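Right after this note come the structures.
Two complexes come next, and they have one chain in common, chain A, joined by chain B in the first and chain C in the second.
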Partner chain A sequence: MEMTERHVMGLIEMLYKMADDQLIIGHRNSEWTGLGPILEEDIAFSSMAQDKIGQSLALYELLHELGEQDPDTVAFTRNAEQFHCCQLVEAPIGEFDFSIVRQYLFDQAEALRFEMLITSVYEPLAMVSRKFRGEIKYHVMHGKTWIEQLSKGNEESHDRMQQALNAVWPLALGMFEEGDYEKEIAEVHIFAGEKALQARWMETVVPFLSSCGLEIPAHSDAVLGGRKGKHSPELQPLLDEMCEVFRIDPSAEW
Partner chain B sequence: MLTTDFPDSHPLHARVLNPHEQRILDRLESVMDPEIPTLNILDLGIVTRIQADNTDRAQVQLTPTFSGCPALKIMENMVHEALKTEGFHQVEVTTSFETAWNSNLISERGLQSLKKHGLAPPPRHEGYIELDVLSDTPCPLCGSRNTTLQTPFGPTLCRSMHYCNHCHNGFEGFKPVE
Partner chain C sequence: MYGSAYIDPNTQFEGYLAPGEDPALLAEFEARIAAGDKIEPRDWMPALYRKQLIRMIEQHAHSEIIGALPEGTWITRAPGFRRKLALMAKVQDEVGHAQLLYNAAETLGKSREDMINDLLTGKSKYSNVFNYPAMTWADSAVIAWLIDAAAIVNQLANSKGSYGPYSRALDRICAEESFHLKYGHDNVVFLATGTPKQRQMVQEALTRWWEPIMHFFGPPDNVSQHTEVLMRWKVKMDTNDNMRQMFLNMYVPKIWDLGLSLPDPDLRKNEETGKWEYTEPNWETFKQVINGHGPCNAERLAVRRMAEEKGRWVRRAILKENTPYAIPLS
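Then we have the complex of A and B:
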């Protein structure tokens, strides 16, 4: 099937949400720098932040090749309502339990998303996906190790994992909010779609969380809107901080 | 000068180069990873294409070890500077994910260079890594396999941190990557 304008629009919409997710979770991860409960965690979240921001740059570059503005302009000059990240990634880091559960649920979705995108007909995206997959594997391992340890630790650590899961779950379901071009990007095999991804994610995370003795929150509605620019009040302050230096002098050479 | 023994899966393996390209290849043997002074960028496996002719123009393609690696920009500049000394003044250094870097692209000599710097080299893999391999990484100081992985995240994106239960030293490993 020929790629039409609608297919390209679908591709651009998808790349924006992926890149914005990476950038914003990268910024949130970096907020653990200097605050980690132990030195290794300080380094782990800082390293994951660096990976995510590097990955967002590669995705913004793909968008630039498709005619969008350059990565710095796109990353640093938009306001909250122009971002397409899901509300999961913009939530403040909270306590370590919240951050670790979010990290696992987000990265497991990413790992599966990029696994699916390796066979995308859009070759530039397939290429970066091959690269990201190996990096994200370490992130998933990190999240799983902690969730398992803490869930099976003592009563308090188990309760805190369960409470964190209850809080993160509806936000995590919002990752799979469908875009306006799901049919188009699926029919030309750019990406099989959010529903397909969500099914694979459920098949992966539910058995793992259950094996840790955690209960999946029932009757939990997805927090939607992020993909369409509807965000929590927490995103704009994050952007103000992230963009502060850039906005002092956007023409500065670094 | 020894030349890099590019692994079979590396795009420069058995690649026929013209004399100008060969000159570039020879020169890049002395461009070292800015964070691992014993390892040159050819042995690291990140140089994926070299093109040159009898003019002062040349193209070199690099692939990042990790997408967020801040050393890549530095290495691009180092390639520019190195080729200038060979008379190539119009050099284009590009970054591409066409060849996704993985730890199997490090040459045999590169693995030895890592060890010389005190880093445990990544084990060879078949395209899929069971992360359990990290848990008994041989100690680069005493060779014991009685080691513990402390964290897969180290001082740079490409390193993990370990402890040797035999010689009681902490050490770093270069991560295996698919």
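Then we have the complex of A and C:
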């Protein structure tokens, strides 16, 4: 099938939400630098944050090739309502339990997303997906190791993991909010779609969390809106901070 | 970055051979050091050597994690992808240095937990420079360039020291620091050659940081028996004044080349002696800051304490009993 304008719009919409997710989660993960429960976690969260921000940059570059503005302008000058990230990534880091559960649930979805995108007909995206997959493998491993250890650590840590899961789960379901062009990008094999991704994700995370003795929250509604520019009150302050220096003089070279 | 091996002016030394220590073992120990051997964790060493090294390495390790705080606040504000990624990597390196250094100190018999506790109670110190605020993005650039540069001068000297794990850790650390210095320099160059606003930011930051930088190497050394012993044991590798001179010689010309000025009208190189002349920084201020009265001492420790508190449940859930002997990472 030939690519029409709607297909390209679908591709752009998808790239924006992916890039914005990576940028914002990377920003949040970097906030652990200096504050981790052990030094090794400052280092681990910083590594993951660097990968995420690097991945977002690569995706903004793909957007730039499709005619969007350059990555710095796109990342450092938009306001919250122009972002397409899901609300999961915006939430403050909270305590380590929240951050680690979020990290695992987000990265497991990313790992599956990029695995699906390896066969995308949009070759530049397939190419970066191959590269990202190698990085995300370690992020998933990090999240799983911690969740397993803390769920089975002691009563307090188990309870904390369960409570964190209860808090993160509806936000995590919001990752799979559908866009306006799901049908278009699926029919030309750019991406099989959010529903397909969510099914794979459920098949992966549910057995793992259960094996850790954690209960999946029942009757939990997805927190939606992020993909359409509707965000939690935490996003704009994050962006104000992120853009504080850049906006002193956006035309300056920093 | 961040080690600064000045001897805390509050430190009181007793005799350098502890009661019961065998002078014959001491003679053998000193002969090995004189021959350029490295002392390894399980070798015999005088108690004073162990004590001074723990103090120094621990102080260096604390400086790395506390130093991550003023710079860390700029990670989330760094302008543009290039700077953001570079600063994240840099601060991560610093935390990695802390990991390496805590381990080197652990090989001498003090646990990381005990060291962190001593940091939080104020019993053990960290480099004074981190008790000053990084007020703007330009401060973070000046820190990355000049504090890291000063640290390299210090650490290159100390990497020739006699304690194996510390000396090897410093070799690795210096290799990474040289990248930080390039990052910092590049950052300062962009500001100094940028818009009027950027130039103003970097000049103000430099002016703010000059006294802490001059303080960095510590006050002029007292010519004491202890300094002499620590230098003979290759714990302290050079005098504070020598290291300050090396730093001034390497970096003042570079600062002036960028058209930036330093807040010391008497700063000049005496071509006859080859030495830099400068106004002595206020050493009373230095002492005040070391003793907890700097602009950010309370804030830095409060943040560290908060991180320790918040992370306690995690450590309780996963950490095993301390093993008595730490295997050197370097």
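We take it that the second predicted complex is superposed on the first by the 254 of 254 C-alpha atoms of A that agree within 3 Å, B and C clash if a C-alpha of one lies under 4 Å from a C-alpha of the other, contacts with A are read in each partner's own complex, and residues count from 1 in each chain.
Here is the rule we use: a contact is a pair of C-beta atoms (placed from the backbone, for glycine too) under 8 Å apart; a residue touches a chain by one contact, two chains touch by 3 or more.
Quantities reported herein were computed from a predicted structural model and do not represent experimental measurements.
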Touching partner for A:V128 - first (chain B), second (chain C), both, neither: first
Partner chain(s) touched by A:M141 [first = chain B, second = chain C, both, neither]: first
Partner chain in contact with A:E40 - chain B first, chain C second, else both or neither: both
First, second, both or neither for A:E253, with chain B first and chain C second: second
Touched partner set for A:A75, first chain B, second chain C, both or neither: second
Chain B versus chain C as contact partner of A:G54, first or second or both or neither: both
Chain B versus chain C as contact partner of A:E241, first or second or both or neither: second
Touching partner for A:L88 - first (chain B), second (chain C), both, neither: neither
Partner chain in contact with A:L105 - chain B first, chain C second, else both or neither: neither
On chain A, positions contacted by chain B and by chain C: 40, 43, 46-47, 50, 53-54, 57
Chain B to chain A touching residues, read off their complex: 64, 66-70, 96-98, 100-102, 129, 131, 150-155, 157, 161, 175, 177-178
Chain C contact footprint on chain A (complex, rising order): 27, 30-31, 33-43, 46-47, 49-50, 53-54, 57, 71-72, 75-76, 95-96, 149-150, 153-154, 156-157, 160, 238, 241-242, 244-246, 248-249, 252-254
Complex contact set, residues of chain A against chain B: 40, 43-44, 46-48, 50-55, 57-58, 124, 127-128, 130-135, 137-138, 141-142
Interface residues, chain C side, partner chain A - complex: 65, 68-69, 72, 74-81, 83-85, 88-89, 91-92, 95-96, 98-99, 102, 137, 190-191, 194-195, 197-198, 303, 306-307, 310-318
